[in-house]
Amino acid sequence: MSSTVRVLLFATAREAVGRPAVDRPVPATGVTLGALLDDLAREHRRLAPVLRVSRFVRNGRYVRGRSARVRPGDEVAVHPPFSGG
Amino acid sequence: MSSTVRVLLFATAREAVGRPAVDRPVPATGVTLGALLDDLAREHRRLAPVLRVSRFVRNGRYVRGRSARVRPGDEVAVHPPFSGG
Amino acid sequence: MSAELTTRPISVARVVAALADPPSGGVVLFLGRVRADRVGGRTVRALFYEADPTVAARRFAALEREAVRRYGARKVRVVHRVGRLPVGAVSVVVGVAAPHRAPAFAAARFLIERLKREVPVWKTERTGRAPRARRRRPPPRRRGGRRSG
Amino acid sequence: MSAELTTRPISVARVVAALADPPSGGVVLFLGRVRADRVGGRTVRALFYEADPTVAARRFAALEREAVRRYGARKVRVVHRVGRLPVGAVSVVVGVAAPHRAPAFAAARFLIERLKREVPVWKTERTGRAPRARRRRPPPRRRGGRRSG
């Protein structure tokens, strides 16, 4: 079984990290979304301001706040403000 | 030189007369638009109700009222209410 | 900036190409199509469109100038098809390119509303036999004299 | 009734064909195109569009259902292109067919406004070297602590 969470990064989030996706190891009991993102932002300093204006998706559904639990095998997407059309 | 006026007939006016255009003889001094049209309506009874709701064009310009003078060589168009688009 | 009457099918792709304009990020197109209406118990299969070409061309040009002036549209194109059109055929295309979408929508709406009111184009219903007018009012009942004239 | 993301040029003619519907006399299309903007003294030559496909597909479908419910639109189609798009390329097409033109205009406007706000699609500027964000806000000045988080 997977022991990582896949984080999908779009637009400015992708640019800040330099890749469209990263796999982060998480314990079997999971972590909060906030902890996962803080951890990522420590490694990629340009990501922090992007995360402050972004919304987050867990397994295809938007989650409110950063206390949502993220477990191995989950997929999290970082959505900066949209600019399509 | 022409001694007739060409009358262009569109839509219900064309249907009432059965032709898209008719040439009507007029004297060199001309006639009023009203006289020209009354004359035409006498020959084509179905045209009368169409003329009551139509607008008229003389040589490419709309004319108000039926007193406008029409002379040999002029072109008159009968415009029933528009239904394009 | 150009309008035309055509007897051939209208190519929407060509209208879009004619609206190419690097500063114009928004394009709005309106397409009118022959609708499968029911008239007098029968379903319309085709309509016959006709126009007074000289007057129509002048009104088209005036409306286009007004759309540019009122809404800041940068490119405008109006094409009206004439002749026999089957149900589903595109009878008219109005296209507007503008820097932003709000004026593009407003200008397209303006053009089709005014076109319908002001441009000498007519549709009539044609069956196999005699042509029949569409939207024809019944002839008024005779009330005597010339009062109704 | 269908939306799609595509990496290929959007065919407006195919969108129109997908909106065929005998009772629908009015079709309104909105086309968004890559505009030749000036950013930081340079003229934009191309933009890179990306989307979160799963979330975008669900939002597209929800917006289409709402356009049908609110405006009585009979056919709706939304196509958004992704990838590198040069200036002038069509990035998005919204198409609505409805029995009459007023609801067709209203539904098309509704769809593009809501799409821009609610569908996870992004454009970034790409030069020859590193990709640069478009419309990126400057990072907020540090005010100490975590208050700005």
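Every chain is named by a letter (A, B, C and D) in the order it is written, and numbering of its residues begins at 1.
Operating definition for what follows: contacts are C-beta pairs under 8 Å (C-beta built on N, C-alpha and C of every residue); 3 or more make two chains touch, one makes a residue touch a chain.
Keep in mind it's a predicted model, so treat the numbers as computed, not measured.
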By Cα centroid distance, the chain farthest from chain D is B
Cα centroid separation, chain C vs chain D, in Å, comes to 28
Whole-Å distance, C-alpha centre of chain B to that of chain D, is 52
Whole-angstrom distance, CA centroid of chain A to CA centroid of chain D, is 24
Among chain C residues, those touching two or more other chains are 32, 112
Those chain pairs meeting the touch criterion are A-D, B-C, C-D
Residue set of chain C touching chain D in the complex reads 11-13, 16, 20, 22-36, 87-88, 90, 99, 101, 104-105, 108-109, 112
Per the touch rule, the chain B residues reaching chain C in their complex are 8, 10-12, 14-15, 46, 48-49, 52-53, 57, 60, 62, 77, 79-85
Per the touch rule above, chain D residues touching chain A in the complex are 32, 49-52, 54-55, 58, 80, 91-92, 112, 115-124, 130-137, 139-140, 148-149
